[in-house]
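Which chain is which? They are A, B, C, D, E and F, in the order written, and residues in each are numbered from 1.
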Amino acid sequence: MIGEHLPALPILLYLFLALLMPLAAKLGRGLPWAISWLGSLAVAALGAWGLWHTSTEGPIRYAMGSWAPPVGIELVADPLSCFFTFAIGAVSAFVLLHSRESVERDCGASNTMTYYASALLLLAGFSGIVGTGDLFNLYVFLEISALAGYAVLGCGSAKASLSSFRYLIIGTIGASFYLIGVGLLLAKTGSLNMADVTAILHLEGLSPATTLAVVFILVGLGIKMALMPLHYWLPDVYTNAPATSTALVAPLGTKVAAYALLRIGYEVLPYEALALDLRVFDVVLALGAVGIIWGSVMAIAQDNIKRMLAYSSVAQIGYIAVGFGLATPYGYIGAVLHVINHAVMKACLFLVTANLEHRGEGVSIKGLNASLRRKMPVTCACFAMAAISMIGLPPMAGFFSKWYLLLGSYEQGSWILVVVIVVSSLLNAVYFFRVLERLYLGKDEGEAEGASPSRLPTVMSFSTLVLALSLLALGFGNVFIVSKFISPMLPGF
Amino acid sequence: MLYVVRDLPPRGDVEAPLHAKSSEVGSPAAGTYYIESSYKDAGTDNIVTVVLADYRGFDTFGETVVVFAAGAACLLILRGRRRS
Amino acid sequence: MNGFFEDYSAYIMCFLLLTVGLYGMLLKRNYVKKVIGMTIFQAAIILFFILTAYKEGGTVPVKDPTLPLDQADAYINPLPHALMLTAIVVGVATVGVALSLLIRVYGAYGSLDEDKIQQEASK
Amino acid sequence: MKSVGVSPIVRLACRCMARLIQIFALYVIFHGHYSPGGGFQGGALLAAAVILIRIGEGRPVSQVELSSSATLGIGSFGALLFGGVGLLALLGGGNFLQYDALPSFGLSPVGLHYWGILVIELGVALAVMAILVSIFDVLTEDDESEG
Amino acid sequence: MSSVIELLLYLLLIASALVAINVKDLLAAAVTTSVFSFVIAILFIEMGAVDVGFTEAVVGAGVLGVYFIMMILRTTRRTED
Amino acid sequence: MTTDVVSQISTVPLLAILVSMTAIPAILLSSRKPNLRESWSFLAAGLKFALVLSLVPGALRGESVGITLLEIAPGISLRLVADPLGVLFALVASGLWIVTTAYALGYMRGHHEKKQTRFFASFALSLSATLGIAFSDNLITFLIFYELLTLATYPLVVHKESPEALRSGRMYLGYALTAGLLFLAAAVWVNVRVGDVSFAAGGFIPEGAFGEGELKLLFGLFMVGVGVKAGVMPLHSWLPAAMVAPTPVSSLLHAVAVVKSGAFGVLRVTGFVFGPEMMREHGLDVLLALFAGATILLASLIALRQDNLKKRLAYSTIGHLSYIVMGAALASPAALTGSLMHLSAHAVMKITLFFCAGAIIVHSHKTEISQLDGLGRRMPWTFGAFAIGALGLAGIPPVYGFLSKWWLSMGSLDSGYSLALGVFLVSGLLNAGYFFPIVIRGFFRPPAPDAHFPKGEASPWMVAPLCITATLAVVFGIFPDFPLPFFEIAKQVVESVMGELPQALNAKDIGLAP
């Protein structure tokens, strides 16, 4: 039963839970919160199970309404999509577990129901993008996640609404570009099913119209994943949004768009034509590399921690783009591994800022001082761990994605990339140690013990800590993940 | 742009891939299949309705959810902040 | 088929409309204008899909007792129509969210012009 | 919206128009199988009718028609009706939204598809009506003060 | 372009789009947007997409117009471009 | 180590690393009770030393024992193996940790330093990392502990948290992290080309895996990677800056653990990655020797000009580390023997000197050499020990430093780079030139009229360790295999790497003089 319906279950679970929210809110005040994180946990379990199942027994294809694929909509669960489903479920479960009080604070206590409904719809959109095998269906889920995303990102302060509105405009352009691309493909191939389109395009190669379609699709998804020149919506949004929303969207949103790019780029579009005629991979690689450096440099210039993390996201997306652009097994492994690593790292870091905000501490780096270490030891330790992982020091998770990317760049003989990765790690070190120095060194200027306000709720420090510790686990378990799950999903190069 | 437009099937072309009976790799083309079998499958005259609600019902479910999401979003953004 | 103008001018109109919409979204400084640009942009995309569905001499995709269904060429392709119904709904939903965001923005900044808001925000 | 100052003629016109629109909407929904139209269009028309009353009669009266606080609930109910049909098919041993796997009540598979489509169209109509009205409500609510 | 009427509709479409984007009064812009939606709905129907045309008419000319107008009434009609 | 000797499974190397790691929570938890906290440190140090000692018999037989922990990247395991070279380094580091702990106790309390808990915890972590470096079996394991060492020592460098300390800390991090990344880049490259990253005595990079230019670049990357910690010029400037750290840190870490891990890295890379033959074949030895020779001379010259005692010691350290590098570069059996012996010899002697400097600072609050006139008569033990250390570093018998320098000189002759001999001789003179004036000032100059010296010696917690290390320096100078068989282990290493022993050794001539 589960195996058969596996591709549909995470999406349906999220959708139904979201739709049930108005009812749940009637039954109990804390129920939306509990349902949402438990639901995410269930999705993570489904993803993990599916990962295990599909990597041993091959992908599962699911025809919606039992209409065979070119006619009906098809969902696909293969190791890659299950991997992403797992990442979505696992990361969001802890973010949502953490979220209860910050949501009430940032979005108003009477809004928890709509907030959690939107959050679940956001996640439903994400898992839909990941699970679908149909180009237009992907657009629908892209828009579900986008709408829910504008809501959760814009529900805080008026500033949040403003940046969310700007994001809405740019995000709609992205989604519409994608839709135009799909339309062109439909006109040229007559099909919307990914596997079908793949077969047809491989037979025919690229014509001018399909080339334009590729460009539209790539630009559209590039906007969604905030690839370097299309990234400028991101810092404002992440900085102004409520803490929980950022922690939910930042680790997952751009990754899911990257997933779509990975899927469509590697599997749907004809690889040879993309690589040789259009040089798409080279372009993405170059943009990724520039994004890495640019994001890191901008991050150094920021004083607001959230803004710094946002720019750092731009850089980290660059890593994923580089792995994608390398178009080699190592690059692919690096990119996929970095997706999960970065998701956990960023979630952890944004939860740290959420904790800071919750305790009434500012998120300005200049305002940090060593008294925090005493007031919030767990939070500070988590920040340190995630920061070390971001810098890419072994044996934290971040090191290993870098390792595979380096392997990939050597394989391609691309020296510039090696330099870029090395330099960016140093830049990462610069902006993270700036914060660490303030947290761990210098005089404890805080007031006496008793004067500090209430302690951080246990769930908050707990979920931050779980994410931080899983970075270590991901670091040590990377071989297991790579050999067991990522290697079977390698596309033919 | 003209170059690209030329590559598209002409307007109203019955031979366009979208309207073919089957695609180049032999899979049935969805559009033609819908026309031919919708009445047989669902006993409904309006083909678009069948496509919308049956063959691609999941899209429509998604569409309904989008509407719901918009409602939730508007409420979330504008309601309940009188105290701030 | 019927010469370039006959065959392709509709596409060109469609692309012109796309450009108008994009221009409104990107270059207009007023936020409501941006949203209007967005509706135009989306309408243009819908127009494009509908164009691809059209068949010369085809009829509306509703079963016609006089036309047997296995004459597929006699009916206009219903697939893009179904897709675009969904797309229209998505468009409305997006506009709804955009407008509610704008109401909050206006409440806080007292304006809907990007330049003025930027001034206000940097104060 | 304020109802003060709306002339009785407008109010009457609104009321009549609204009823007409509602009837037409129901026709659109249920006749969607045979002619253009369906859940979404019908729902949008229903919403238009309610909005018309909201504008013409003012808020308090129109609450009778559709209460503002219930809109999201009705919306989710509509969507759940849709999803429920799908889920029922899933539980009946088919795939999601596979109408012929629904409990048959003596209907042929084709008939099941026919009725299944009708039910989900109803769901869509409910959801669309409720949500469109709810967005209208939120956009016109005057009681928030930004602080 | 199959007929003069269609050509005229297209021209009307683009004209209304340009007006909607460029007119200095937001309320006028909103109304023009409704006109635009209506014109494009007619075009859809002309091309055989009855359902889409119907929906576009209901939504674009009806619901969206109301939304825009309500929103503009709550905020401002003024614009600088 | 994939040497000829089959490696056996043994958890001892792992335990030796874990001992001080498990001490960290204990130290942190007992932060309110200083005595308990320090006894944890002692306990860990003693245990660690005992564990390393238990590895010595195997090392003397040339065996490698170790354990594979887990696969960390496909085909690459986190693997700890105690081979003779690793045991040699581990012996030095863990042995001196015991004395340093005692000394640190006296120093930190005498100096009323803040945040002692963090200090001792970081110290324990550093030692874990150092042993990890010693027992690493491949480039990646090495790199992991190498980076861990950087992180663990950072809190120690910035311990004072003054702006100067923070600046030094940033500088240290900047250098060390860059080095680590370049090392990573090199390791990845090797992995891509060779498909293996495990150390093997005599080198594991096959001839022809890299082009001529590529090989030089790779070597450069590796050397910058390990050379930063080894203080090879021009990568040295973090080391004098890091002298703002408390003296126990300077003594153990910046004379023994950290910088020696750099030197150790040089030995690993030259002997176990490239191998002497490849070095010679492609002229890499000359490249390295040039830098090392220049560093030896320049560092000695700069040291002459320093008035701050710790700074002078720091530059001296830079010079002496390059002795080790030079020995590795010359790559003859005798030179390598000298290099290995200098690894331990310099450790024992320089730690003595730093202990003395620390004792002087804590006791008399003097940091500049020009203020030391006459202090030696007040602190005879301290200055006596200092004199022994200075003699050793200048290469005067019977102190240990003489032996190592002798072998190095021998090596420079039989490897055919007699210019190196000149470098050693000149630097010996310069060493004498910058150390002896300190001793002379201390004992023979009258105190300055405005000098306020405290009465008597420094705390016994500090004097005892420095006397012990000074004594060790002499004992090792006379009996190089007593009480710890450094020389024998060095022989095993040389034999495994070079395939032969120094000629002088074949004549069964072991010990004092060749």
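Things worth noting here:
In this text, a residue touches a chain if its C-beta (ideal position, glycine included) is under 8 Å from a C-beta of that chain, and two chains touch if they have at least 3 such contacts.
The shown structure was predicted, so the numbers you read here are calculated from the model rather than taken from an experiment.
The minimum number of touch steps linking chain C to chain D comes to 1. Here A-B and A-F are compared, and the pair linked by more C-beta contacts is A-B. For the pair chain A and chain D, the distance between C-alpha centroids works out to 35 Å.
Averaged C-alpha coordinates give centres for chain E and chain F that are 79 Å from one another. Averaged C-alpha coordinates give centres for chain C and chain E that are 10 Å from one another. Shared contact sites, meaning residues of chain A that touch two or more other chains, fall at 15, 19, 21, 64-65, 114, 136, 140, 143, 147, 150-151, 154, 158, 161, 186-187, 192.
Multi-chain contact residues of chain C (touching two or more other chains) are listed as 6, 10, 51-55, 58, 60-62, 79-81, 83, 85-86, 89-90, 92-94, 96-97, 99-104, 107-108. Among the residues of chain E, those touching two or more other chains are numbered 2, 50-51, 55, 59, 63, 67, 71, 74. On the side of chain A, the complex with chain F involves touching residues 388, 391, 393-395, 400, 402-404, 406-407, 410-411, 418, 422, 425-426, 429, 433, 437, 440-443, 476, 478-480, 482-483. Residue ranges on chain A touching chain D, taken from their complex, read 5, 8, 12, 15-16, 19-23, 62-66, 114, 158. Of all residues in chain C, only 1-2, 4, 6-8, 10-12, 15, 51-58, 61-63, 69-70, 72-73, 75, 77-83, 85-86, 89-90, 92-94, 96-97, 100-101, 103-104 touch chain B in the complex they form.
The touching residues of chain D, counted against chain A in their complex, run 72-73, 76, 79-80, 83, 86-87, 89-90, 94-101, 146. Listed in rising order, the residues of chain B touching chain D in the complex are 40-46, 48-50, 52-54, 57-58, 60-61, 63-65, 67-68, 70-72, 74-75, 78-79, 81-82, 84.
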